[in-house]
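What follows is subunit A paired twice: with subunit B in the first complex and subunit C in the second.
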Partner chain A sequence: MSWQDLVVIGPLVGAVVVAVLVLLVDLVRPGRTVPVVIVSVGGLAALAALVAATGAVPASAFGGAYSVDALTTYLDLLFVAIAALTIVFAPDYLAPRGLPLGEFATMLLFAMTGAMLIAASTDLLLLFLGLELMVLPGYMLAGYHKTDGFSTEGAIKYFLLGSFSSAIFLFGLAFVWGLTGTTRVAEVADALTRLPNGISAGLGMGLAFMTTGVAFKIAAVPFHYWTPDAYQGSPTPVTGYLSVGPKIGAFALVLRLFVETLGPLSEWWLPVMVVLAALTMTLGNLVALTEDNVKRMLAYSSIAHTGYMLVGLVAYAADPTGRVDGLSALLFYGVAYSFMNLGAFAVIAALQKRAGVTSALSTFAGLGRREPILAILMTLFLLSLTGIPPTAGFFAKASVILAAIEAGGPATILAVIAMLNAAAAAFYYLRVVVYMFMREPDDQQPVLKHGALLWGGLAVTSVLTVLLGLFPSALLEMAGTAAGTLLPH
Partner chain B sequence: MNLANSLDSYLVLSGLLFAIGTFGFLARRNAISMLMSVELMLNAVNLAIVAFGSFIEGLKADGPIIALMVMAVAAAEATVGLSIVIAIFRNRKTPLVDEYDAMSR
Partner chain C sequence: MDALNPYMDTLIPLIAVLPIAGFLFTAAFGRRLGHNAHLVPVAAVGAAWLIAMAVVYTSFTGGFGEGGHLVKLWEWIPAGNFNVEAAFFVDNLTACLLIVVCTIGLLVHIYSIGYMGHDTGYWRFFAYLNLFMFSMLLLILASNWLVIFVAWELVGLSSYLLIGFWYKKRSAALASKKAFLVNRVGDIGFALGIMAIWVNTGTLDIRESIEILVTHTATLQIPIAVVALLLFAGAMGKSAQFPLHVWLPDAMEGPTPVSALIHAATMVNAGVYLVARANPIFASAPQAMAVVAAIGIFTALFAASIALTQTDIKRVLAYSTLSQLGYMFAALGVGAWTAAIFHLMTHGFFKGLLFLGSGSVIHAVHEEQDMRKMGALAKKIPHTYRTMLIGTIAIAGIPPLAGFFSKDEILGESFKNGFTWVWAIGVVVAVMTAFYMFRLIGLTFWGTSRVDHHTEPKIHESPRVMTIPLWLLAIPSLLLGIVLSWPGPPLGPLFGLEGPGLLASWLHPVFKEGLEIMGREEEAFQIFGIDGALILVSVAVAFAGMLAAWRLFGVGIGPIKGTPRPETVKRLSARVPFLYRASLNKWWFDELNDLVIIRLGGRVANALWWFDRNIVDGIVNGVGSLTGRAGRGLAGIQTGRVQNYALGITIGLIVMIASYVMIVGNGG
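== the complex of A and B ==
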């Protein structure tokens, strides 16, 4: 390891430093919220500046295992924003339940480090290590309310299925490494283009196992069974994080694996992805229609959104001219989805400030009269999740579907399925809005006072949700540059 | 055919171990047994990695390193998993996953 390498992995080191600092602050002032928030959010702001500064010049370290490019920078900034918003939203939920913020923030920052490692990995083994670093703290966060039966139940389901899928992924990785002779992404891609006898049985099995493992991590149907329970059981701020952080992290893995490594075999995985995307969108939305628990409903909605993002990947692979419109739409979708989903979960977490309040649909009855600002913000996030202009969600869906139509072939069918799904999804999102503004509550609930942190975080997510819908071109351009780095040079 | 000294026989053994682990994970209803099955699957992976590493000339250096990494990840996973099992055992007084169904009721 040289000094140069250390400079290149600077953002990763910075992320670990911030996590350790939070741990130390918690040691000096145990159980206090304010110092933890100041150090973690301040540290993350500095980290974002570091990422932006070092990401300007493409660089690689450790013999090409770790690369910093436009994609890394784009995703790193998103991961930092997700971590900061989650920490800001957490105290209102954690404090009334006697849960400390210090360990929560530390775990979250370690998980963020794992996601950042995925975004920068150009080596299969490093991708796997980043994946594990991202999900292991996630299991602990899911079970963070350890005396609560739901939280631990969600955690054990998340853990068992997560570690099972990691083992499957790793088994595939072992065979791909053994039969191509390298773990470097570019070299594997190169080896796959010049196979003398085509794909051998062992290599095909390895690729199939890796695909299955990844499908578990992004919660694609039929590998989604852990999602509803893990999301419903987790403490609400954790659910918000789980629905965006590990999901975008796993999509970073999808981009590095399917586009960069398995790009030469896109004919092989394209039909698989078409089926996965169609099933994921449709089943996610259909089951969400039947759910009366808002957290569970949003869990199925997040499965459906995985499907929309996969449409972007299919659009790229199906495009005969090799344009990256689909990938840049996917990356744009990731950002839009992160902010609107985090915002929606923040509103649920705010309502659950009074311990004992469930996330059932009836909790939202009469919210429009009781707490009008929260109700209006929730409506904004739900409209964006539905995909109604002028919100970020509309533009994200539109760009994914347009890319699919332009690509033609099997992607056109997916575009039609995606549009039908978007229409069906409106029903369950708007049902919450109906409850908030047109239903009387069963019992009188007191108006809650929410912290300034929560309002600040909600302001950021809601402003971004609107701004990205009105002026998407700047971000779309960044996404386009990021997607361009994935193509072979 | 020299079975004792061929890569294929080790890979078949690794595949069998992996299949036993997968079967155990799907068939067992005890959370601890499921955790052990996942460990078995990871060990099957390690056997495959070490076999590739010792039979293929170009992979001699990488094999043991990747195997060590996998062992470290497996250890970390076991730690987290056991702590989660203990946490849920305190709440539910049972290690049987069939009875962890409070949310789907």
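== the complex of A and C ==
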């Protein structure tokens, strides 16, 4: 390891340092919220600055296993923002339940480090390492409410199935290694373009195992079973995080693996992805229609959003001219989705400040009168999730669908399915709005007092949801640059 | 003032940004501000007014050049070949509208401080007013069709909110719904028109698309006349032209400042603005122009005939507004675009004045709107009386007040452009206008008092915060006609001056292209020829209407005295019973709508309902229960048992391997 390498992995080291600092603060001042928030959010701000500063120049380390490029920077900034917002939203939920913030923030920061490692990995083993580093703290977070049976149950299921799928994924990687003799992304891609006997059944097996593993991590149908149980059981701020952080992290894996490494085989994995995307959108929305629990409903909604993002991947793979529109749409979608979904979960978490409040639909009845600002913000997030202009969600959906239409072929069919799904989804999102503004609550519920942190976080997510709808071009451009780095040069 | 020119790119957006900021602030904190809730909205509109005046000055002094000034803000929708820019555009036409919207908007804001003072929804009212100002300014500043459409819907929304401001009153809630629905009909046309423009030209930029449309008229996919008529459909909805006029009289359920601002001076002019903005498109489609002229002049006649007999003071003014808007469309239809905008401006001021005046009257007699329960108010509310009298003389078309100049220009141009039928009907409407307006003044201010005994002693003039805006509106009602037509006809030639009037020279660049397409040539103005004769006719009919009203409903201007003759009115109306009842019942239009839409439509709807319930629902319910069952079935997979999940994943993996092997086998 040279001095140079250390500079390149600076942001990763920085992330670990912030996590350790939070742990230390928690050691000195156990159970206190404010110092943890100050150190973690301040540390993350500094980390973001470091990422932006070092990301300006593409560089690689460890003999090409680790690279920093526009994509790494784009994703790292998003991961940092997700972590910061999750920490900001958490105290209002954790404190009344006697759950400490310190350990929560530490685990979250380690998970973020894992996601950052995925974004920068150009080696298959390192990718796997990053994936595990990202999901392991996630299992712990899911079971963070130790005395709550649901939380523990969800966590155990998440852990068992997650390990199972990780093993499947690793098995797939082994096939690729066996056939190409290398784990470096660039070398694998190179070897795959020059297969002596064309694609073999063994490579097909490898693809099958890798696709399955990844489909589990992004919660694509039919590998989504863990999602509703883990989401419903987890403490609500964790659910918000799980629906965003590990999902975007897993999509980073998809980009590094399926586009950068397995890009030469896109002809082979394209049909599978088309089916996965169609199934995921449709089933996610269909089941969400029947759910009366908002957390569970948003769990299925997050499955549907996975499907929309997969449409971007398909649009890329199906485009005969090799444009990156689909990938940049996917990256834009990731950002838009993160902020609107985190915002929606933050509102649910805020309502559950009073322990014992469930996330049932009836909790939202009369919210418009009781807490109008919270209700208006929730409406904004739901409208954005539906995809109504001029919100971030609209441009996210529009750019994915437009990319699919321009790609043509099977992507066109997916574009149609996506539009039909978007229309159907409006029903269950707007149902919550109806409850908030047009239903009287069954019993008198007190107006809650929310912390300044929560309001600050909501301000950030809502302003971004609106701004990305009004001024999408700046982010679209960044996403385009980031996507461009994935193509062979 | 030229020192401001470098900052125009910042100042122009501010005109729209200030009111929306005021709206957001008031919506968030207005409730807590209580009776100070007006401060921020009024300040926001005041500042917007100042900036607008600087922009107007720059525009009129040629600071933006002939083509106007474009302020690019950002690329709003960058999606392949569908690009929409968020941009503002100012030329002299925009400047004319800025004067009307900002000035009257500001005065109505100030007036409302007094008028709405006792209302519990004080802050809500000002928030909505600011929202409306933003929407209206966005509409006139927009540089592409999509933004205009968004603003078009936003003014519709704020109008809806303000008509239904007293939403607990059933009639107000119904009226707001009616306005919203009727406007939707026009909006469909407008939306289709915009789509047709896009299909034809591939751009939504207003000037670019117009340029392409008029240069490639012959090869368009959708004929230009269709585009013009679709745009006009949108204009008809917003500007309440027959048969989409039904919402405007009902809109009077809103608070009176709203009627003055939105339903007299600004929003209802949006249609006129739209047609004027698209003048080359209309000029390329003479058939569409004829339709515009016919609908316009018919609305003018039809609405004036109703205004003759209405007893509700605000309804008379509402029908009068319809009638005057009809004049403007007639002017647009005969190609007298400058005259249309001229009338838009003068009408904005004197009708705004008349509405605010009527509000002051209603305030004085304790929320009574029926003129049969008024009378002899001239002495008791002198400021209101004097200003309303000025407004009435102005609208009646008596020189040298503002309305005379603009109306005369419309009539004269119609005649000279060969639309003698438009001119003839227009002259009849001019008699009626003078008549119903002096009837209004006679019933309200002159004659004997018919005010309720309990209210009689409590009649009082409105506070200064309301009367000062009235006087400030009276000034342009007096002078705007002379100022804007000077030094051109009709007064210029009397003093030996030549050349076009002020407004005509300002608007020349805007309408140049349309006039060229139509092949119109400027004719010399003959004060001692045809033009002079036409002016004499205009003046004569205005006086005829006025004198007839004086004779029947009384008069009391200084030495001119006359007592009302209610028996004569009764006798005369009994002589033409059908016409009288037709006017009184608004030509049974609401009943017709009731019959056609509610009853007949109801029958059709019932039939459709049967079809829907038995056939469509059967299908839909089938699909619905199928999806519901599918959803529940799929949810049923979610057993909660981790072994089942693992099994599911394993099955998925096997299917995955099988499909990959199949794909690879087929391909390799």
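Quick notes
By definition in this document, the second predicted complex is superposed on the first by the 489 of 489 C-alpha atoms of A that agree within 3 Å, B and C clash if a C-alpha of one lies under 4 Å from a C-alpha of the other, contacts with A are read in each partner's own complex, and residues count from 1 in each chain.
The criterion applied here is as follows: a contact is a pair of C-beta atoms (placed from the backbone, for glycine too) under 8 Å apart; a residue touches a chain by one contact, two chains touch by 3 or more.
Bear in mind the structure is a predicted one, so any value in this text is a computation, not a measurement.
Look at A:Ala425: by the touch rule set out above, it reaches neither subunit B nor subunit C.
When the two structures are aligned on the shared chain, A:Asp229 is found in touch with subunit B and with subunit C.
When the two complexes are overlaid on their common chain A, residue A:Ala201 makes contact with subunit C while staying clear of subunit B. By the touch criterion defined above, A:Ile388 reaches neither subunit B nor subunit C.
Contacts of A:Leu414 after superposition: neither subunit B nor subunit C is touched.
Once the two complexes are laid over each other on the shared chain, residue contacts for A:Phe175 go to subunit B alone; subunit C is not touched. With both structures placed on the common chain, the touch criterion links A:Ile156 to subunit B and to subunit C.
When the two structures are aligned on the shared chain, A:Leu94 is found in touch with neither subunit B nor subunit C. Once the two complexes are overlaid on the shared chain, A:Lys146 sits against subunit B while remaining clear of subunit C. Comparing which residues of subunit A touch subunit B with which touch subunit C, the overlap comprises 156-157, 160, 164, 168, 228-229.
For subunit A in complex with subunit C, the residues that touch the partner chain are 156-157, 160-161, 164-165, 168, 198-201, 203-205, 207-209, 211-212, 215-216, 222-223, 225-226, 228-229, 267-268, 271-272, 275, 283, 286-287, 289-291, 395, 398-399, 402, 406, 470-473, 476.
On subunit A, the positions that touch subunit B within their shared complex are 125, 128-129, 132, 136, 139-140, 143, 146-150, 152-157, 159-160, 163-164, 166-168, 170-171, 174-175, 177-178, 181, 183, 202, 228-229, 232-233, 296. Listing the residues of subunit B that touch subunit A in their complex gives 11, 18, 21, 25, 31, 34-35, 38, 41-42, 44-45, 48-49, 51-52, 56, 58-59, 62, 66, 69-70, 73, 76-77, 80-81, 83-85, 87-88, 90-92, 97, 100, 102-104. For subunit C in complex with subunit A, the residues that touch the partner chain are 74-80, 86, 627-628, 630-632, 634-635, 637-638, 640, 642, 644-646, 648-649, 652-653, 656-657, 659-661, 663-665, 667-668.
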